[in-house]
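Look for subunit A in each of the two complexes below; its partner is subunit B in the first and subunit C in the second.
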Partner chain A sequence: MRIAVVGAGAVGQAVVELAEPYGHTVTAVADSSAGVVDADGLDAEAVLDRKRTEGTVGPQTLDAVLDSEYDALVEATPTTVGDAQPAFEHVRTALGRDRDVVLANKGPVAQRYDDVRGMERDSDGAVRFEATVGGAIPVFSTIEDIGAENVTAVRGVLNGTANFILSRMTAEGVAYEHALAEAQDIGVAEADPTFDVDGTDAALKCAILANVLTDTTYTLDAVEMMGIRDIPASALELAQQGGSTIRLIGEVDESGVRVRPRLVDEHGTLAVSGTQNIVQVETTHAGRVNISGRGAGGHETATAIMSDLRQLEY
Partner chain B sequence: MTESVDKQIYTVRLELRDRPGELRRALEPIATHGGNLRSVFHERGNRTPRGDIPVEVDVAASSEQLDAIVSALRADDITVIKAGTQRYTEELTAILFGQGLDTDLSETLSSIEASTAATVRDVTLAATEGAGGTASARIHLATEPDTTTETLATLREIASQRGLAVVEPLAAGEGS
Partner chain C sequence: MRIAVVGAGAVGQAVVELAEPYGHTVTAVADSSAGVVDADGLDAEAVLDRKRTEGTVGPQTLDAVLDSEYDALVEATPTTVGDAQPAFEHVRTALGRDRDVVLANKGPVAQRYDDVRGMERDSDGAVRFEATVGGAIPVFSTIEDIGAENVTAVRGVLNGTANFILSRMTAEGVAYEHALAEAQDIGVAEADPTFDVDGTDAALKCAILANVLTDTTYTLDAVEMMGIRDIPASALELAQQGGSTIRLIGEVDESGVRVRPRLVDEHGTLAVSGTQNIVQVETTHAGRVNISGRGAGGHETATAIMSDLRQLEY
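== the complex of A and B ==
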């Protein structure tokens, strides 16, 4: 497939890098300020080099990238909430031209799911978004295989940063601030960790899951949310004494959608440690399906994008 | 020892005066009327506003025996707060945390017992930051069947009124 990549952060760059080995041709790349287009296929190494050395991908504009010839648009700009712009507009442009869209950006399907599905119905293009939840974990293809109508609930650890902090607090008995500083030092948490530690990121993922699983349209506002930043070390210690631990759990079931710190069995499936994610899918006929793996990272997320591209090829 | 089939386990909540011999006096009518004492739970240090000591007793008895026991207790001037008609079968553990929880704990627990069908079985407090700082408490509740969701909702409400946060368990069977 010929792919145009919008967004050249860790995920966008990994997509440019992995496209060729997966049999795709990158024909256009845009970052926040510029773009580069070559209908015959870009030299991935050259584009990435230029991004690294000059801080930009090329001499052209984002509009030139959006207007270029491609089969699928990969939207990998940073997630925005509210009206999910500018990603939503990129999706509209691509679908309007009957092109496929693969989202890494959570905004459009978390905040404007109905609009996106509506535009998809009017288009010959399709929208896929495996990369939006659980990084490399095949969450939506699993749900697709089981059939959303056979899934009664989904829950899991959906944010690696929060999970890393809680794991460190448990293992070392350190305070939240200490564990956060560690996470920031090794690049697991951003300088402004709000999105991760307040539960927003996990809540957006739950909203997307709920949109896929239920007939109701969810947005961030409809998700009950509590973060981890106020949890004292003593709470984790008490949990551990009782054979439990605390994890930030996202849950989608018949009674609603919520993200909250929860007590889970210390040795249970949900007590993944470090930046690992886990997703539990409750099915009507086959009990519980657990899938865990790396929930973030450039190559991990790009791997999910490659799986969407493969699905679109059929 | 086998219990006859018509016996059930009832939870009886008492409030005892703080004086020697009270507990023995309260337990006597249970044996006298054919009840079989299963457990006595006394939360150390917890007092009612009147200064009485709350005690919870699990008794295996038939419903007739239970009625006789409760009547005898009352005749002996022992305060019976509640004589359960059903055995508490669902147990749940939650962690509360927040500023000043250490000084507020006893009132918080009373409030939980007063507004839910649950009984506080066990409490562990960790106040590592010293008095008035952020403290945590693990509370173990026993509640009547099918009231877990309701109990947790009330717990959240009580916590939020007191500026505390709750870490709830996942529902039974989840996360295992």
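== the complex of A and C ==
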């Protein structure tokens, strides 16, 4: 497929890099300040090189990218809450032109799911968003396989940064601030870790899962949310004495949608370590299916985008 | 879809039961001695009831079932090795009539993969076989998602019976014979457990995985195989002292295809307990993806068949 990539951070860059080996042609790329378009296909290496050395992908504009010829728009700008702009507008533009959309940005499907599905119904294009939850883990593809109507609940560790901090607090017996600083040092946590440690990122993912699984439209406001900032090292120590540990668990079930620290069996399936993610899907006829793997990272997330592109090709 | 089900054991019966709630119509069913056909759709409950009370599904023949009008043939007869008959002939008949085929029977894709793919190329029908490996776990769908060309290795616990026996030997410190007898008592192991405990069942599954992942055609003979019969309780005890346990692991990687007992971390991802299965998929760009769940059971296997039918509908 000919793809236009909007957003040139870690995920956008990995999409540009992997597109060709996966059989696609990148015809346009935009970052936050500029764009580059070539209907015959861009030279991925040249674009990435320019981004690295000059800080921008090219001499054109975002509008030129959005107006260019492509089959699928990959939306990989940073997630915003509220009205999910400007990502929502990018989705609207692409669907309005009957093009497909693949989201890495969580905003549009977490905050304006109904609007997105409505625009999709009026378009010949389709919207997919495997990359929004669980990084490399095929969460939505598995739910599609099982059939959303046969899924009774989903829960899991959906934020790798929070999980890394909890894992380090447990392994080293250190305080939250210490583990956070370590995570920031090695690039697992951002300078402003609020979204990850307060549960917002996991809550956005839960809202998306709830939107796929239920008939109600959820947004961040509808998710019960508690983060990991206030967990003392002593709580993890106590948990460990009882054969348990603490993980930040997101859950969607018949009683609601929530993200909160929970006691889990220290050797149990939910107690993944480091930046791993895990999703448990409860089904009507086949019990529980567990899927775990790398929950973040440019290449990992880009592979989920490649899966979506593959599905759109059929 | 209109489906014809050949084989009326636990899996075939579960397919007949689940078809309607999943939006399909069962138009024909055959067991080992008889068949029943109704182009307008059979009454699932009546068929299952007759099977239970009279031991047969109906008054017609297998040929009548194979000749009937259907969109997809579900092959759920017991797996045979060697020439994979009679399942292979059922596949040939259906593809010859340009119908789709969904396999629960491992034989045709484990023993005659090339032949099956060749017949598929000459047909308007397609062959899918999610149910042949890992029961309810979406193994092939995940590999399809990732792209077989991006998968470098697959390994896992692929036989629930052997895993149950090893789990019980570990938990209770009992000998193989004792754990086997317990498994037979509760219906987890068959009266003749050879296929499960000698590794044949897992090896057939590995052959199928290897066929999907490589360009070479594998059969059972090409799989290096060692079972669990000769593992003494003392080996499990020794393993446990070192923080490990023993699992029967099937592997497909660049160095070959094999099934053998292996030491694994006792709390590690591969050490699933009871009849659970787990599959680890190693990928080029996204690290390892783990999928675990119920590896056997009529309903569990039938849900994998329902996933295949859903894919065929697109």
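As a working rule, the second predicted complex is superposed on the first by the 314 of 314 C-alpha atoms of A that agree within 3 Å, B and C clash if a C-alpha of one lies under 4 Å from a C-alpha of the other, contacts with A are read in each partner's own complex, and residues count from 1 in each chain.
Throughout what follows, contacts are C-beta pairs under 8 Å (C-beta built on N, C-alpha and C of every residue); 3 or more make two chains touch, one makes a residue touch a chain.
Remember, it's a predicted structure, so these values are computed and weren't measured experimentally.
Participant: In the overlaid three-chain picture, which partner chain does A:V81 touch, first (subunit B) or second (subunit C), both, or neither?
Facilitator: A:V81: touches no partner chain.
Participant: Report for A:L18: first if it touches subunit B alone, second if subunit C alone, otherwise both or neither.
Facilitator: In the superposed model, A:L18 contacts subunit C only, not subunit B.
Participant: So which one touches more of the residues on subunit A, subunit B or subunit C?
Facilitator: C
Participant: Which partner does A:M306 reach: the first (subunit B), the second (subunit C), both, or neither?
Facilitator: second
Participant: Mind working out whether A:T269 is in touch with subunit B, subunit C, both or neither, as first, second, both or neither?
Facilitator: In the superposition, A:T269 touches subunit B and subunit C alike.
Participant: First (subunit B), second (subunit C), both or neither: which does A:A126 touch?
Facilitator: Neither partner.
Participant: Is A:A64 in contact with subunit B, with subunit C, with both, or with neither (first, second, both, neither)?
Facilitator: It touches nothing on subunit B or subunit C.
Participant: Who does A:G147 touch here: subunit B (first), subunit C (second), both, or neither?
Facilitator: second
Participant: After lining up the shared chain so the two structures overlap, which partner does A:A136 touch, if you call subunit B first and subunit C second: first, second, both or neither?
Facilitator: The second partner, subunit C, only.
Participant: Taking the two structures together, which residues of subunit A meet both subunit B and subunit C?
Facilitator: Residues 269 of subunit A touch both subunit B and subunit C.
Participant: Spell out the residues on subunit B that touch subunit A in their complex, using ranges where they run on.
Facilitator: Touch list, subunit B to subunit A: 93-95, 97, 124, 126-129, 134-138, 140, 165, 167-170, 174-176.
Participant: In the complex, go through subunit C and note every residue touching subunit A.
Facilitator: These residues of subunit C touch subunit A: 18, 22, 135-138, 141-142, 145-147, 150, 267, 269, 283, 285-294, 297, 299-300, 302-304, 306-307, 310-311, 314.
Participant: Can you name the residues of subunit A that touch subunit B in the complex?
Facilitator: So the residues of subunit A in touch with subunit B come to 155, 226, 230-235, 237-239, 241-242, 244, 246, 249, 260-265, 268-270, 280.
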